[in-house]
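In the two complexes that follow, chain A is the common piece, with chain B as its partner first and chain C second.
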Partner chain A sequence: MDYVVYGIITGCILIIASIGFSMVWKTENFLNIAHGQLLLIGAYMAYLFKSVLNFPFALAMVCSVIATAVLGLLLAKVFYFPVRKSGILVLLFTSIGLSWIIYGVIQAIVGPEIRTFGLETSKMIDVFGRQIMSAQELFIIVVSLICVIALHFVLTKTKNGKGFRAMAENRDLAQIRGINSRQLSNYVWLISSGLAGLAGILLAMTGTLNMELGWQQILIIMSVVIVGGMGNIYGTMLAALIIGLSMDISTVVIPTSYRTAIAFVIVILVLLIRPQGLSRGGTA
Partner chain B sequence: MKKISLIAVSIVTAATLLTGCASSTGGSADGAKASSGDINVGFLAGLTGWLGPFTKENINSLLLAKEEINEAGGILDGKKINTIDVDTASTVEGAIKGYQKLVNADKAVVAIGPETESMLALLKEAPKSEVPIMSAFAGSTELDEVGGNYAFRTAASDSTIGEVRAKVLIESGVKEIAIMVGNYEGAQSDVHRFKETYEKLGGKILEEVTFNPGQNTYNGELKKIAKANPKLVYYSGGIDTAPSIFKAAKQRGYAWEWYITPDVAVQEFIDVIGKDVAEGIKTIIAMEDENNQAFKRFNENYEARFKAKPSGGYYNANTYDLLIASALAMQAAGEASGSGINEKIREVTNPPGKQVTTFEEGLKELKAGNDIDYQGASGPIDFDEHGNVISTNALMEVVDGQWKQVEFFTADYIKED
Partner chain C sequence: MDILVFLSGLIALGGIYAMLAVSLNVNGGMLGLWDLGVVGYFAVGAYSYTLLTHDSPGLGMPMIAGVIGSVVITGLLSLFIGYTSLRLQSEYLLITTFAFAEIIRIIAANEEWLTNGNIGIFGLDRPFQDFIPGTIYMLFFAGLVLVVLAIYYVFAQKLADSPMGRYMRAIRENEQVTQSIGKKIFATKLKVFILSSCMVGLAGCFYVWYMSIIAPNMFTSAITFTVWTALVLGGMGNNRGAVVGAFVLILVQEATRFIPVPAEYSILLAGLRQFISGLMLILVLRFLPQGLIAEKFKSVEKLLNFQQNSMIIEPKGGRRNAAS
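So, the complex of A and B:
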């Protein structure tokens, strides 16, 4: 039972980290490698607001998510939009280059020190006399659930959400039908970057702010999106949970050093058995 | 639009290349000021990346040694030492590129600083290039029997520290423990000899869990350890993973005692996991003898020069000694070259010879035609045939948010029965 709880926590962080990557793939049709570095930006933005500007942590989180969302959109406008028509390879290499730029700039600013948010160690929550998870881990699950529900609401109930789904299915057709693709694209970059920033904060909450955070996460994020069916938001959510659970439950029977490898074993199996991923590849 | 795209791609490509270069080769500290007669010495280390917290003070230590040498008149009739900092970004690739830069572009005579993995990668290249590699903090057992020819270290081997650690635990009645070890060479090596000696002395390893750095959580790994119900857990991993592991263990009420690898026994470790979580954590670390005159003098000079005390456990004295010993070796060899250092370094640091504790004393004796035995700030530094030294050690514990020395062990401790 404990390992299931651990897997859910891992999965919840992966959900938030992966959704944005999946959305960008679906609308822009390229692998945004720099998505990992947006996690790094989010984490360090929160550190800036909390530890440098002395904001309360909750407010620092909100400010960081907003700042990362805006910065993500700006980066897209400067680096991706001008080369959009040059094809996905150019976009891919641009994103790799952008990753290194973000990494280098942050490193130049923050230096080599490893930092933390300096949060108090949270208490464990008892359920029927059994310690299930810490308050911090419950917070991660709740935040993840709120994000999933909010995103579902946005995708199904709002004009922009419906536009996104239409554009994800067929960009040209959506444009012919009068959907403002430029506005929608901005909207996707904002949500995607904001979620990446949030994931970075949650990761740094459980561990440290270190320069490798973005690189460490991007491969596992790609695994989640591949397993979920490239660009399928709900498939990505499901895949994040499956991979999270698989990695943690697997440690019961196999050495823990192979924990990460399990994610890639699942990717290989999915590619062999069901190349389109868990879902059929649409938005929902 | 095509033009804009081309410009954007060009900028990104250029920036990527620049960033890559910056992380792999870094810059020169005072290379621009070097005159043609100067002797270039490379500091080849991770100024950024996971080694960054250590090396920022090591640069100062090297600078202190350089200044002492130059103020004493330099070597070989007035040649001055010039240090060049090369950032490896704490990667082996960076170390290889940086070493090539030092050898081919900077014409450096020695590369001080590589950590274990980089030392291993450069072992074969160093004799070919005739530029020795010298490490102040490569403790891996992998280097126990492969160095000695263009490869030296003033860091004690994990073998000896491992033996000390095992003996201390057994003697204090801890006969059953669990181990959490990172999935990389440095951590595995740290655990290897300790485990071997501990089991030989009658200790039992209840559980050994290997973990990968950079995971979101380590709850599963901790649960595995908890199932074995150990009284003490030995942690060998990085500082970046420590908060996730130690905080989660505290949250879950795991009340076992922690011993940690010397590699992370620095103030930053306490800062990142929190004072309350760190309280009571112990380590056994190669530690300079506080009664050693050379160590006292090094500390005083460092503090006077940099307005801060050198941190214990950062291998500052070890770094300082490498440059002093190299300079004395070149003086003894009569030439400013890597081959000269390789040939004479044992002669100036090992007995027999008149014991000297400063560069100035050593230079004076060498000029007088006497043999010398340099007694370093980090210890006696007597290099064996494989370029290793034996160190003194100390049991350290976190008390009130700081590392405090609890017990000191002489270099003979592991020989005692």
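So, the complex of A and C:
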């Protein structure tokens, strides 16, 4: 039962981490490897606000998410937008280069030691007399649920959300119909980077902050997005839960160190059996 | 003397990366396969060599058998990986190969009975170790690496000029058209993929000799990215570019390692190294999308010299970017 809870938490964090990646893939058509490093930025920003500037944790989180979102948009404007016309391979390698840069800068600033947020262990929540999860874990689940629901409403109810879905389907056609794709892609980068920052913070809450966090997560994020099917956002959510659950439940039968290998086995199997992913294209 | 040892070490490491870049150029550059699994075959080559030649754990076979064995094992494994994944296109292939490489590393880190886990295996023998005094061994080894690199280079160059090479570039430029003139796409991809992986596997043996230890953390995905960065820096689809890119990148990364600085700056310097590699990659992509040395279409040029009044326009700078 514990494993299911862990799996759900891993899945929730993965949802937040992958949606941004998936949105960027859908609108810009390239794999943004630097997305993993945005998780790292988010986590260390929160550390900066919480432990260095002594903000309360909630405020530190909000500040860090906003800072990461703005930074992500700036980085995209400086590094990606000028080479957009050169094709996806150039964009892909630019994002790898950007990952090295972000990694290098953060490494130079914080050094190799492993840190934590230093949150006091929260008390367990009893349900029917059994201890299910800690308040922190509940918090993670609630935050990601709020994100998912908010995102759903933004995408289906607001003008920009509908514009995003149109742009994801066919960028040229959307532009012809008068959708301001430049402005929209700014929003996409903001949301995507902000979500990445949030995912980084949540991830660091469950474990520790270390430099390899970005590189480790980007592999799993890519697996989730592929399993979910070509940037389909609802498919991505489902895939994140499936991969999160199977990673944690698998530890019952196989050694814990093979946990991440499960994600990769799933993605290989999905690509071989059902290359279009769990759910085919469709609406955003 | 110290500077000589350092320089030959640098050349040896640069040479090993250049070998990797040339091998990657065969399938990544010329055939256009987005293969992010380089480190996987590298690790398999290195581990199978070690396990074949080392006494315990391992079979204690002679060195030459180990080298041949490692190439064969890498080839067989890449046959499996290639057969399962090469039907996939671009990004999907990229992620699948990446996933395979990660699985290989995770297995190497966890199967302690086979690989001694994260601790790794120490004190491995190097070729001709008994005949060459330790002080100049690195010099000899750098020479050995350069000789093998030259063989790699000549081989890849011959391959690029052969009908097979033209046909590989045809697949890269337009798969459907190549298929329509009756060429077997999948079989070619598989052949080239296996060839390239075997070359990477052999480079793995040299890496083991260079490090004289083997451990799973030597085979992180950073190696894959470094090799790709080297290839993109030097110019894709171009063997000379691959070699130049690898040496430039290793020089930049390793040269800063030996600048005498106070200990508190060493972390800063480590970060700076990553920063410079990334910045180099981005700047090259932005301003020289074909890399330091652009790919030349030798056969097309010959054709043009032959028929001066031809209507074919020679490919110029902007015609082909690295994306195609």
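Keep in mind that, in the parts below, the second predicted complex is superposed on the first by the 281 of 284 C-alpha atoms of A that agree within 3 Å, B and C clash if a C-alpha of one lies under 4 Å from a C-alpha of the other, contacts with A are read in each partner's own complex, and residues count from 1 in each chain.
Simple rule for what comes next: a contact is a pair of C-beta atoms (placed from the backbone, for glycine too) under 8 Å apart; a residue touches a chain by one contact, two chains touch by 3 or more.
On a predicted model such as this, the values are computed, not experimentally measured, just so you know.
**Student:** Should A:Leu31 be classified as contacting the first partner (chain B), the second (chain C), both, or neither?
**Tutor:** A:Leu31 sits against chain C, while chain B stays out of touch.
**Student:** Tell me the contact category for A:Ser134 with respect to chain B and chain C: first, second, both or neither.
**Tutor:** A:Ser134: touches chain B, not chain C.
**Student:** Touch check for A:Pro112: first (chain B), second (chain C), both, or neither?
**Tutor:** both
**Student:** Once the shared chain is lined up, is A:Phe93 touching chain B (first), chain C (second), both, or neither of them?
**Tutor:** Touch partners of A:Phe93: chain B and chain C.
**Student:** See if chain A has more residues touched by chain B or by chain C, and give me that chain.
**Tutor:** Here the partner covering more residues of chain A is B.
**Student:** Looking at A:Ser144 after the superposition, I want to know if it touches chain B, chain C, both of them or none. Which is it: first, second, both, neither?
**Tutor:** A:Ser144 sits against neither chain B nor chain C.
**Student:** Looking at the overlay, what does A:Ser193 touch: chain B (first), chain C (second), both, or neither?
**Tutor:** A:Ser193 sits against neither chain B nor chain C.
**Student:** In the overlay, answer first, second, both or neither for which of chain B and chain C A:Ser246 touches.
**Tutor:** A:Ser246: touches no partner chain.
**Student:** Taking the superposition as given, does A:Tyr6 touch the first partner, chain B, the second, chain C, both, or neither?
**Tutor:** First partner only, chain B.
**Student:** With both complexes superposed on chain A, which partner does A:Ser64 reach: first (chain B), second (chain C), both or neither?
**Tutor:** A:Ser64: touches no partner chain.
**Student:** Residue by residue on chain A, keep only those touching chain B in one complex and chain C in the other, then list them.
**Tutor:** The overlap between the chain B and chain C interfaces on chain A comprises residues 79, 82-83, 86, 90, 93-94, 96-98, 100-101, 103-104, 107, 111-112, 255, 257, 260.
**Student:** Write out the stretch or stretches of chain A touching chain B in their complex.
**Tutor:** Counting only chain A, the residues touching chain B are 2-3, 5-6, 9-10, 13-14, 78-79, 82-83, 85-86, 90, 93-94, 96-98, 100-101, 103-104, 107, 111-116, 118, 121-124, 131, 134, 136, 203, 206-208, 210-213, 216-217, 248, 251-252, 255-257, 259-260.
**Student:** For the complex, which residues does chain B have touching chain A?
**Tutor:** It is residues 1-2, 4-5, 7-9, 12-13, 15-16, 18-20, 22-23, 46-53, 56, 183, 209-217, 219-221, 223-224, 239-244, 247-248, 250-253, 268, 271-274, 276-277 of chain B that touch chain A.
**Student:** Could you please specify the touching residues of chain C with respect to chain A in the complex?
**Tutor:** Residue list for chain C touching chain A: 34, 84-85, 88, 90-92, 94-96, 98-100, 102-103, 106-107, 109-110, 220-222, 225, 228-229, 232, 267-268, 270-282, 285-286, 289, 321-324.
**Student:** Please output the residues of chain A touching chain C within their complex, sorted ascending.
**Tutor:** Contact set of chain A toward chain C: 31, 79, 82-83, 86-90, 93-94, 96-109, 111-112, 215, 219, 222-223, 226, 255, 257-258, 260-261, 264-265, 267-268, 271-272, 275.
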